[in-house]
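Going in written order, the chains are labelled A, B, C, D, E, F, G and H, and every chain counts its residues from 1.
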Amino acid sequence: MKEEIILAGFGGQGIMLIGKLLAYAGMKEGFEVSWMPSYGPEMRGGTANCIVKISTKRIASPLSSNPDSLIVMNLPSLEKFESYMNNNGSIYFNSSLIKKELVRKDINIVEVPANDIAKDLGNSKVANMVMLGAYLAKKDFISIDIVKESLSKVLSARRHNLLLMNEEALDIGASISKV
Amino acid sequence: MELVAGYPESLTEKEFHYCSGCTHGLIHRLVAEVMDELEIREKTIGVAPVGCSVLAYEYFNCDMQEAAHGSAPAVATGIKRAHPDKVVFTYQGDGDLASIGTAEIVHAANRGELITTIFVNNAIYGMTGGQMAPTTLLEQKTTTSPEGRSNILSGYPIKMSEMLSVLDGAVYIARVSVHNPANIRKAKNTIKKAFEYQLAGKGFTMVEVLSTCPINWGMTAVDALKWVGEEMTSIYPLGIFKEVE
Amino acid sequence: MGTNKESKKITFDKERCKACQICTTVCPKKILIMSDQINHKGYRPVTITDHEKCISCGLCAMVCPDLVIKVYKVRS
Amino acid sequence: MEKTLMKGNEAIAEAAVRAGCRYFFGYPITPQNALPEYMSHRLPEVGGVFLQAESEVAAINMVYGAAGAGARVLTSSSSPGISLKMEGISYIAGAELPCVIVNIMRAGPGLGGIQPSQSDYFQATKGGGHGDYHMTVLAPSSVQEAVDLTMEAFEIADYYRNPVMILGDGIIGQMMEPVVFDKKINPDRLKKKEWATDGAKNRKPNIINSLLLDTEKLEEHNLKLKAKYDEMKERDVRVELYKMEDAEFAIVAYGSTARISTNAVDMAREKGIKVGLIRPITLFPFPEKVIQSTLVNIKAYLTVEMSLGQMIEDVKLSVGGKRPVHFYGRTGGMIPTAEAILEKIEKITENDHLERGEK
Amino acid sequence: MELVAGYPESLTEKEFHYCSGCTHGLIHRLVAEVMDELEIREKTIGVAPVGCSVLAYEYFNCDMQEAAHGSAPAVATGIKRAHPDKVVFTYQGDGDLASIGTAEIVHAANRGELITTIFVNNAIYGMTGGQMAPTTLLEQKTTTSPEGRSNILSGYPIKMSEMLSVLDGAVYIARVSVHNPANIRKAKNTIKKAFEYQLAGKGFTMVEVLSTCPINWGMTAVDALKWVGEEMTSIYPLGIFKEVE
Amino acid sequence: MEKTLMKGNEAIAEAAVRAGCRYFFGYPITPQNALPEYMSHRLPEVGGVFLQAESEVAAINMVYGAAGAGARVLTSSSSPGISLKMEGISYIAGAELPCVIVNIMRAGPGLGGIQPSQSDYFQATKGGGHGDYHMTVLAPSSVQEAVDLTMEAFEIADYYRNPVMILGDGIIGQMMEPVVFDKKINPDRLKKKEWATDGAKNRKPNIINSLLLDTEKLEEHNLKLKAKYDEMKERDVRVELYKMEDAEFAIVAYGSTARISTNAVDMAREKGIKVGLIRPITLFPFPEKVIQSTLVNIKAYLTVEMSLGQMIEDVKLSVGGKRPVHFYGRTGGMIPTAEAILEKIEKITENDHLERGEK
Amino acid sequence: MGTNKESKKITFDKERCKACQICTTVCPKKILIMSDQINHKGYRPVTITDHEKCISCGLCAMVCPDLVIKVYKVRS
Amino acid sequence: MKEEIILAGFGGQGIMLIGKLLAYAGMKEGFEVSWMPSYGPEMRGGTANCIVKISTKRIASPLSSNPDSLIVMNLPSLEKFESYMNNNGSIYFNSSLIKKELVRKDINIVEVPANDIAKDLGNSKVANMVMLGAYLAKKDFISIDIVKESLSKVLSARRHNLLLMNEEALDIGASISKV
């Protein structure tokens, strides 16, 4: 098994966090994992992204060669990464903010109105968890429960009051993409 | 229609990369407006620091040099000595000027270099992600003072304007703030005064400007301005510390 | 914006706006609010509710860190 | 042993603490900030001191003072900041003080950029400072290895009374991987440093110094240092060989470039090209003999670096002109892809066949 | 027979390499006598500078470190942080402290490092053969100010004691001289006071000592002392600039 | 042309003035003090500025500013002071600014001593600062040559928009020899530097900078710099051959060591040993091809340095393993004697005969 | 000097003396002069003209930069 | 012609100056010359020395290999350099300050009571010129007149009032060693 995921969005959308969460859960599941962030001034305001690799074999390079999945929460990031995807890959995109038609027709697409759902949940900050939930539902190598267990390890202590809301967001996200 | 507030000629069209609500941009504008009013854009060479304002060389519409971290006053010295007829200014952050660049600013001031320094004090290392600066307030939390700055471990907020005023080569040293319109007006006049002293060949001039870093302070832009007006100004009193006519 | 200048007392370069909201706090007429479309930067830029109410005091432009606002006064 | 997921920068910091390091002096710079930031909350927990210095120059001299006083001490920075430490590092080597210096390299020259690079190889291995000195230079290629080498670094530094450099790059510093920490050293249990300046009670004063005005004494001192460097070359060379058993061509790369190269090796193997990887773990001492031992089977070498070509000189010196040594490098923060490396290998192998064909 | 003037235990037997009449040796003796009187020799670590007093590590009979030029305060910081229970002092010349070491001394003072700095100001770079220092008096001729120091070119004699007194971390800053017995007595008492404040854990302490460089001043030792008493003290007034009990 | 007797340090200063240099920024350090001291009275005579900086770090950055403003500018120092300039030199190379830097080497590491040495070769030629950069490094072996190379240095610097280093040692700096100054350049006559920051009147603003956050742009920039270094290797290599026509053995040495080696060559010749001397005048670019062209006749090379062996790596890289390369070096300020070099040569030649005998 | 100590009020370690003459200027009794032999350093070290006149005030030792002089007082 | 001279004495005896003067005059006579000083902290108070080489051929190394002449003005310097001399060399020593018997018997010795003579001339500072005069008298390749001409070039302007006394000292030194 080898899965390579690019996660991208505006700084502040919590992209890096769900990347870490995914890697952490992968580790808990017993896989080799790596998490590589983009870094630099463009992080403020601009777009942020990270690459997560999960594999049964030693991970040679933490960098992206041909991603299997793209979790994307804003338009600029979609435009930047859509072309990178390999053909049998899939894109999970935040339809609340990305209104535009996707260019690629050769890959499977999962629409997730993450911000709308998050708003309904009462905190747009958990839109990232909705996206992650949607992704997890399509994959079988990481159980959503492990991800939930991992939440407390990855969320900074002062955010632990939001643990439940995050779990909820994961579930709703999952339920959507299952449809 | 008469223009009440426009776009200064001494700024390029380029949009600032600064975070939302960061007053670096505002301070850039004030310096540019002064250059416009004094009509010195074509004979001014500015020196950008290493810090969030490193890209100042893309924003000011005059000749610019980008200096090594803390070295802007030395670079400015080299420029001014080669072109004594030109106007030279440095734009520096508090990490750049008050930490790594301490020796350079002290000796530029002591030599009475005919340059003007715009010292943007936001009590933190902005560009590198919010580490403690020598200007950080006591108890202030930063990424390298997670429990808040302790005077035992790290000493006290350093008062550069007060310290540099002791030096005979410094002729005009003032501290201003930009947290509200009244202070913005004062700040601009003070900066203008500094450039005028340079043009008059009096000596070293510096304006310390209290500025915000909403992103690393973890505040909204509006709260950040409040914090400047309430907290920072109480540790860093505003005023003119030295003026030798 | 060329022609606008003649009519409007205030113009916004909305792509420059970073929605810091500082201007809204200083406007004596409280006519500045955040719009709900998003600009390229991903911010909801500022906009004006009632042009007529603007007194061209210029405070909004003065406090704006990103040179978003131009203000004009009608000669009379 | 429990696995944790950590950034390279933070893992190095934690490893130092577990190696008994209780003092950190440094100055912020991207892309290594997570390291001092980690130390700023971690060291107080273990009764240590994290101090942000006023500059890199001050930081390295604080290290000099603490090391001279017998402490295990760490500093870290990135390329431009390391350049400012050159005088201090030369002093530390001259005064024979043990310490560990981390360089998370970024692209240069000058302010350059903040993306990963390997263009400080010469500075680290040849001596960017003045005078004839060297330090052990360790180049981890994974977060776990960064941990293990950091803990070892303090032992090497104490053994030789010489600075040790951990040479990483933005990838090693920023990436997260699972790590385990097995060892843990109590600094109070470490052998007392009899030479340290901790107060001349019931003994003659100790002196930490690098000045020797008498040229004969200074030459003696230099020869004493040389003896240490020669011993390092004998005892401490570290290298990893990947699929070299039956290899006909060898990539030589270190750190994150080596990681990427393993991909290239695997891809080449799939195409039936017998390529292996020589990964120097110690850049000084350089694995010269190991490379020479591969001459029998290897037809050509390819050095891959994130630079315009620096380590390649040591590879050439090792190969001694007996085989062609090719180069592939990216600069400015651009990162070589496995595909590009593979392409280069294919060119080399083709040419090689042609040449033999012609003969 | 009772000993009126002897040889302090805190000095080694080694003869000084200093030029005839150079007061570095005298200042060494005063520091050593203070160490004797406070009985701290065995728990003191001294830091020698780069300058004529570089060999101080051979003269003081306590643990010593030789620091890079200007870095003594940083080195002392490293030592003191590792051994907070020990007494740490730096001995620095004016080129070392007031020029290349400006940032290091300013920030050691601002941090309130618990160290004592003996700042030997002889208004010149002695070791390198008499170049101008930032402390050189106006009009004073040196090998790099052959026409005498000009404030236009090189600024003004820098007053480090006055400048450092501005910093909150500094608790005791004084300037003394050794040009006659009365001042020598004062100097010793002042140095003792500084060490006592360190022992009391108050903060950063520094004693600036006006000293001679007969060889590079081109004077006899006796005239050099006169020059200190007449010229130097008028630019560098003696006294206690800061004392926080 | 009238001969005058001058110290190397002063002669370099006078040469700079005659090359149109009007600005000097430096900080005192033995053994180069006579250079700034000379400038302090000489520059005002020609309307220039001598400024003693607060440190070497400040000095190199003042040079950056003046060079960026279009001036011909000089700084000088010695080993520890040069180490402090490493960041600044990397910036100057990155920002493509022309200037001349003099290093009158003394013994290291650390404070070391003040006597002559050649142990900063790596730092000067490989890049002691961070990032992939190089500068032309000129090594005079007489006061007259110091004068000629200094004047040339400013031309090279302007041509490439790159720093140039004059690498001397305490002997070159302190000794007096007769010199003639033939050329004299009026700085106002020099071609205007269109890129310089001297006020954006009737033109777009000029920017002096080494930051490029875009990795592709920064890589492009690095490749542009590399192209300059490659051109140097093509155009600017300088070397002197002494009695090499019929030589069977070659000494390779530079600067004052080369001077001493000529004695050894002559003494060896008297004993009938056919030895010659290869004296690199440019250490970067290194005369690789010239050395290779000598392979036909030379049986073995001997590198002589006042170091533990630094240039020898470039000699070996040039020889490419085709001939043995021996080393003789002194350190700490000790100076090799012609007698000792001769002895070493005799050993080498004997062994060489034995080996051939055995075959 | 061992035995001298008992008799003399003042002793000179003449090899340390650099003939700077500072001591001679502070002696209230003006009994310190430079001798005419040369010491290893090449200086003509200080010496005392009339031991009896010395009042053991210690000023000479206090101003001496090179710790040449030791002064004793006879208890009485 | 190749002459190698070591000049040594206390700092302040003007050793470096007569070395420069000799080199300068040599240059004027059309020879290749070099002057190499010892340098460093030992200069203050301690001993100073320099090496002058004068030759018809290019001077390979400015350093001393086997000196032909030693001009020595104090005891420590004599002790340091006496052994370096080659057998057919000669030593000119300042008998006013050096009372001790010389060790070397295999070389010719010239006694010069330089300080006494200088004192008679009214300024002990010119003892160095007496030494140089004594040396020049024994050598034919540099005329004392050229040396006198060179004086004004080598002496710093503020010493030019002493030009005559220096010339006198040269002559008396010469007269002595001629004897």
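Keep in mind that, in the parts below, contacts are C-beta pairs under 8 Å (C-beta built on N, C-alpha and C of every residue); 3 or more make two chains touch, one makes a residue touch a chain.
Quick caveat: nothing in here was measured; it's all calculated off a predicted structure.
Asker: Would you pick out the chains that touch chain C and also touch chain E?
Answerer: B
Asker: Count of steps on the shortest touching-chain route from chain C to chain H?
Answerer: Minimal hop count between chain C and chain H: 3.
Asker: More C-beta pairs touching across which pair, A-C or F-H?
Answerer: Looking at A-C and F-H side by side, F-H shows more C-beta contacts.
Asker: What is the chain whose Cα centroid lies farthest from the Cα centroid of chain F?
Answerer: C
Asker: Provide the C-alpha centroid distance between chain F and chain G, rounded to the nearest whole angstrom.
Answerer: Roughly 54 Å separates the two chain centres.
Asker: Where the centres are mean C-alpha positions, what is the separation of chain A from chain H, in Å?
Answerer: 86
Asker: Chain A to chain D: how many Å between their CA centres?
Answerer: Averaging C-alpha atoms per chain gives centres 34 Å apart.
Asker: Return the distance between the CA-based centres of chain E and chain H, expressed in whole Å.
Answerer: Measuring from centre to centre gives 41 Å for this pair.
Asker: Scan chain C for residues touching two or more other chains and write them down.
Answerer: Correct list: 18, 43.
Asker: Multi-chain contacts only, two chains or more: what residues does chain B have there?
Answerer: Residues 19-20, 54, 66, 68, 99-100, 102-103, 106-107, 127, 134, 154 of chain B each touch two or more of the other chains.
Asker: Quick check: what residues of chain D touch more than one other chain, meaning two or more?
Answerer: Those would be 30, 49, 51, 54-55, 57, 80, 87, 91, 95, 110-111, 114-115, 209-211, 213.
Asker: Which of the residues in chain E end up touching chain B in this complex?
Answerer: Residue positions touching the partner: 99-103, 106-107, 110-112, 134, 151-152, 154-156, 158-159, 162-163, 166-169.
Asker: Can you check the complex and tell me which residues of chain G touch chain E?
Answerer: 5-6, 9, 15-16, 18-22, 25-26, 43, 56-59, 61-67, 69-75
Asker: Can you name the residues of chain A that touch chain C in the complex?
Answerer: 10, 45-46, 74, 76, 97
Asker: Please output the residues of chain F touching chain D within their complex, sorted ascending.
Answerer: Residues 57, 79-80, 82-84, 86-87, 90-95, 105, 107-115, 117, 119-120, 122-123, 126-133, 209-223, 225-226, 307-308, 310, 313, 316-317, 319-322, 330-334.
Asker: Can you tell me which positions in chain F touch chain B when the two form their complex?
Answerer: Residues 23, 25, 49, 51, 53-55, 57-59, 61-71, 73, 87-88, 91, 95, 197-202, 205-211.
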